[in-house]
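Structure incoming, see below.
As written, the chain order gives the labels A, B and C, with residue 1 at the start of each chain.
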Amino acid sequence: MALKNKLLKQLAVAGLAVVTSISSGFAAEDTVGFVYVSPIGDAGWTYQHDLGRLQLEKETGVKTNYVENVAEGSDAERVIREMAKRGDKVIFATSFGYMNYMLKVSKKFPKTAFVHATGYKMGKNMGIYNARFYEGRYLTGVIAGEMTKSNVLGYVAAFPIPEVLQGINAFIKGARSVNPKAELRVIWVNSWYDPGKERQAAMTLMSQNADVITQHTDSTAVVQAAEEQGKYAFGYHSDMSKYGPKAHLTAATHHWGDYYVKTVNDVKAGNWKPESIWGGYKDGMVSLAPLNPAIPAELQARIRDMEKHLTSGVLHPFSGPVVDQDGKVRVAAGATMSDKDLNGMNYYLEGVVSKLPKQ
Amino acid sequence: MDSSLITSILVATIIAGTPLIIVALGQLIAERSGVLNLGAEGMMAMGAVAGFAVTHHTGNPWFGVLAGMAAGMLMSFLFAVVVLTLMGNQVATGLALSIFGVGLSAFIGKPYESEILETVGSIRIPLLADIPVLGPALFDQQILVYFSWALFAGIVWFLFRSRPGLVLRAVGESPAAAHSIGYHVISIRYMATLFGGAMAGIGGSFLSVFYTPLWVEGMVSGRGWIAIALVVFATWRPFRVLVGAYLFGGVMVAQLFVQGSGLEINIPSQFLSSLPYLATIIVLVIISRDQNTVRLNAPVSLGLPYRPDA
Amino acid sequence: MLRLEPRAESSEVMSYLSPLLAVVLMLIGGLILFTVLGKNPLEGFRIFFINPVSDLYGVGELLLKATPLMLVAIGLAIGFRANVWNIGAEGQYIMGGVAASAVALYFYESEGFHILILMVVAGCIGGMLWASIPAYLKTRFNTNEILVSLMLVYVAQLAVSWLVHGPMMDPDGFNFPQSRMFEESALLPVLIEDTRLNIAFGFALAALIAGYIFMYRSFLGFQMQVAGNAANAARYAGFSAKRMIWIGLLSGGAMAGIAGMSEVAGPMEQLTEHVSNNYGFAAIIVAFVARLNPVGIFFASLLMALLYLGGEQAQQYMNLPSSISNVFQGMLLMFLLGSDVFINYRLKWGKANG
C-alpha cells in the first residue's frame, strides 16, 4: 500500500499538469497486457515485441500478460476488452488490424492506457508507435549492392502497403548508391506468413539470377533457402543467422523494449499521454544484427559510419534525388522525403525491374 | 530464356507436384475400392506435424516420414471405423476428418512453430543427372520425388497386373459380387483406406520435412483438396494423376516466375495466386463435361456404404 | 463379443440421443485432454464453458458469434438434405460481405434506412452469385460441387484481398488494406446496450423458422428430402434434380451472404481481409451436429459459439493455444458421426444369430 500512496502523491503533483493522464495511477498489482498477431516463436515480428515485453518485466518489475495468435478480425475486440476488464493498466496491441477494435475498447475503459503499433488512429487514451524500418533496410541495401556478383537482388514481399514499399525502395536505393548496375526483382506472396510460398518465391528469385535476397514476410524460409543454394540473404525483424549461418549477412531488426519501459514508467508516474511515435536509429528502435564476417572489413567500417550518420540525422535514406521506376523525380536533389509522403508511398524506385500492378 | 532457367522451372514444378502425386495416388487406391475419403487435407496436416515433430526430436528425417505415415494411417483408421464399421456418411465423415485434422495439427504443432530442421539434400543419380536441361530436373532430386515415381509404377502394376489389384477393383465396382465369391469387402476397404491415409501422411511430411522445411499452422493450404480433385481429373487412372499433378505444380510455380521476371503485366498478384485454384475448376469442368468418361471410369460403388447381409 | 445388429426400423429416440451422447463423449475427451496437458479439468471446464457467459456482455458475444453460424448452417442444411454438398459457404460468406460493403461505400455519407436494406439484399445476392458458379457447373457439366465450391473459397479470399488493396481501399487510410469505416446508416442496430449483439440475430431466428417451414411444411422441401434419402424414388416421381441442385446451393449462398453482410455491418464496421472467420466451415459442423434440423441448428450454433469463446478464455487464462476450440469441435463431430450408428443398429452382446 505504501507504494500506492507514494504513487498517488506523485500523481497529485503530476496530475495537475497533465489533462489526459490515467488518473487512477498504477498499483503494484496492476499488470500490462500484450496482444500478439502470431505465435512468439524464436524469430520474427512478434518475437521482437516479446523481447520488449521481457525487458519491461526485468527493468520495471511489473507483471505482464500476453495473448498470442489473435486474429485481426472482430474477435480481437473481445480479447482486448477482456484484458482491460481484468485489469491490465497498459495494453499494447502489436498489429495494424487491431486499430479500430482497440479504439472502440479504449472509449469504454478511460482509465486504461492503450497503445497501438503501426496504426494511425489515436484517442484520448490511445497512443500509437512504429519504427522507421526503412533505415535498416537502406543499410542492408548498401551491403547487397557491394556483395552481389550478378547485380540481381531479390525481395519476397507480403502486401504492397507503404511500410513494405518503403523497405523495398530503401533497399534498392541503398544498393544503387554503391552499385548503379544493381537491379531488384520483387515477388508478392500475398501473405505475412506462408513459409511454403516464401520459399518457392525465394527459389524463383535465385533461379532468375538473384544472388542476394531478402524478405518482408515473417518466416525464416527465405534465409534457409538462400543457405541451401549458397547465396546471400538478410534477415528481417530478428537476427536469423542461426537459420543460415553462411547466407545471413545481417538483419534489419527492430527493438521495442526501451519504448515499453518508458511508456509504462510514464503511466506509473502519471504523466503518460497518447503520442504518435515513429522511432528510428536515434531512438534505438532500429538496428542491424551482427555483421557476417564474409562482409569485407572496409565495408563493415563504412556501414558502422552510416549507422552513426543515421543516428545523428545526417543520412536520410530518402534524400533527393529520389527517382521512381518511370523516371519521375519524387524528391528533388537537396530535399528529403516528408513523413507524409513516406506514408503514402505506392510506387517502386528506379532499379526495381518488377512492375507494381496498377490499382 | 536460358536453359538453366528452364531447368529451375522444371525442378520447382516437379517438387510442387510431388506431394500431390503421393496423396492423390493414395486416394486413388481408396476410391478404387469404393471409399471416398474427403479427409485428405486433415490427414496431410497431421502427417506434416507428426513428421516435423519426430524429425525435430530424432534428427532423422526418415523417422519423420514414418511418423507422418503413421499419423495419416491413424486418421484414416478413425475414418474407416466410422464409415466402414459404423457405416457413417462418407462425405460428412471425410469433411469432419479434414476439419478435425487441421485443428488438431495446429494444436499439437504449437510448440514446433518456428523451430527449424536441417535441410535434406537431394540425391544425384550419376550420369543421368548430367543430361543437359532435363538431367538436373529429373535426376538430382529429393528422394521422395523418386519415391513418387516408384509409387506410380507400383500402383500401375498393382491395379492392372496383379490379382489383389483385380480384387480391389472388383470390390469398388460391385461389392456384392465380390462378397458373394468370398472376398471380405470390409477388410479390403479398410486396407485401401489405410493405404490412402498412409500416403496422405507421407505427402504431408514431405511438405514439413523436405519442402519448407518448417511447420506452420495451415501449411497444407488446400493441397489435400487439390489432390482429391486430381483423382477426379485423372478419371481414376494413375498416369493422368502424374500429368495432372505436374500441371498444377507448373501453374503454382509459373505465377512466381512471371512476377519475378519484371514483365509488363497489369495483373494483380492476387489473381496470379488464385490461378492454381481456377485451373483446378476449369480442368474439372473439362473432364466432367463428357459425363460418360466420368461415369465409365468412376468406381460404381464410390461413396456408398456396404454391409454384407450375414 | 460386442457386435452391431440392424434395427428393424431406425430409432427415433436414438436420433435425438446421439447428439447428446456426442456432447458427453466430447466432454470426456476434454477431461482427458485437460488432464494430459496437466491442467485441472474442473478449472478448465469452468474457464471454457462458464467464464465466457458470466456477464451480459459475454452472453451478447455468444449470440453474436452464433448468429452467422445459424444463418449459414440453415442455408447449408437445405442443400445437404438433398445431398447437395456445398462446402464453400466460406467463400459465399466473403462475397456477401464484399457486396454489402460495396453498397455501404457507394452510399457513403448519405442517410436513410434503404441503405441497410440494400446491403442485406446485396449480401444475399453476392453469396448467391458465388454459389451459382458450382450450381451452374454441376447442372450444366456435372462438375463435382464439393471441389468447385471449395476451390472458390480460396479465390474469394484472394479477391477480397485484392479489393481492399485496390478498388475498395480507404482513400484516407494511408494505403492500409481496409475499406472506409461504415457510416452509422450502414451499421446494423444493436439489440442490447453495451453489447455488440445486433439485429442480425433476429435475421437468424427468422431464417431458422423459414427453414423449418420450408423443410417440413412445403412440397419442395419434401421433394428435396426424398431426393436426399432415395434418389431413384425422386427420379421416378419426376422431381427435377437440377432444380434441387440450384435450390440447395443458392439457399446456402444466400444465407452465407447475409451472414457475411452481418459481419461487415456488425462488429467489423468495415471490410478488411479478415472478414473471413471460418464461419463457413464451422457451420458445416453445426449443420451435421444438428442433424440438419432447424431446432438442432439453434442449439448447435450456441454450443459451437461457446467453444470459440471458451477457446479464447483458455488461451487468456490457461495459456493453451486457441486451436483447442478446433479440437473440441472436431471431437464433437467425429463422436456424433460415430454415435449415429445407434440410430440404425443396436449394440448386442453375444454371437451373431444364424
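We adopt the following convention: a contact is a pair of C-beta atoms (placed from the backbone, for glycine too) under 8 Å apart; a residue touches a chain by one contact, two chains touch by 3 or more.
As the structure is a prediction and not an experimental result, all values here were calculated from the model.
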Top chain pair, ranked by how many C-beta pairs fall in contact: B-C
Maximum centroid distance from subunit C, chain identifier (CA atoms): A
Whole-Å gap separating subunit B and subunit C, where each centre is the average of the chain's CA atoms: 28
Euclidean distance of C-alpha centroids - subunit A vs subunit B, Å: 39
Rounded Å distance, subunit A centre to subunit C centre (Cα mean): 37
Multi-partner residues of subunit C (at least 2 other chains): 158, 161, 165-166, 321
Where subunit A touches two or more other chains, by residue: 190
Set of subunit B residues in contact with two or more other chains: 110, 268, 270, 273
Subunit C residues within the subunit B interface of the complex: 4, 6, 85, 87, 137, 141-144, 146-148, 150-152, 154-155, 158-159, 161-162, 165-166, 281, 284-285, 288, 321, 323-327, 329-331, 333-334, 337-338, 340-341, 344-345, 352, 354
Residue ranges of subunit B in contact with subunit A within the complex: 4-5, 8-9, 12, 16, 110, 113-116, 119, 207, 211-214, 216, 219, 221, 252-253, 256-257, 259-270, 273
Residue numbers on subunit B that touch subunit C, as the complex places them: 38, 78, 81-82, 85-89, 91-93, 95-97, 99-104, 106-107, 110, 217, 222, 225, 228-229, 232, 268, 270-271, 273-274, 277-278, 280-281, 284-285, 288-289, 291, 294, 307, 310
Subunit A residues touching subunit B - in the complex, by the definition given at the top: 39, 41-44, 47, 154, 185-190, 193-196, 199-201, 203-205, 207-208, 219-221, 224, 227-228, 242-243, 353-355, 357-358
In the complex with subunit C, residue positions of subunit A that touch it: 65, 67-69, 71-75, 77-79, 81-83, 96-97, 100, 120, 159-162, 190, 343-346, 359
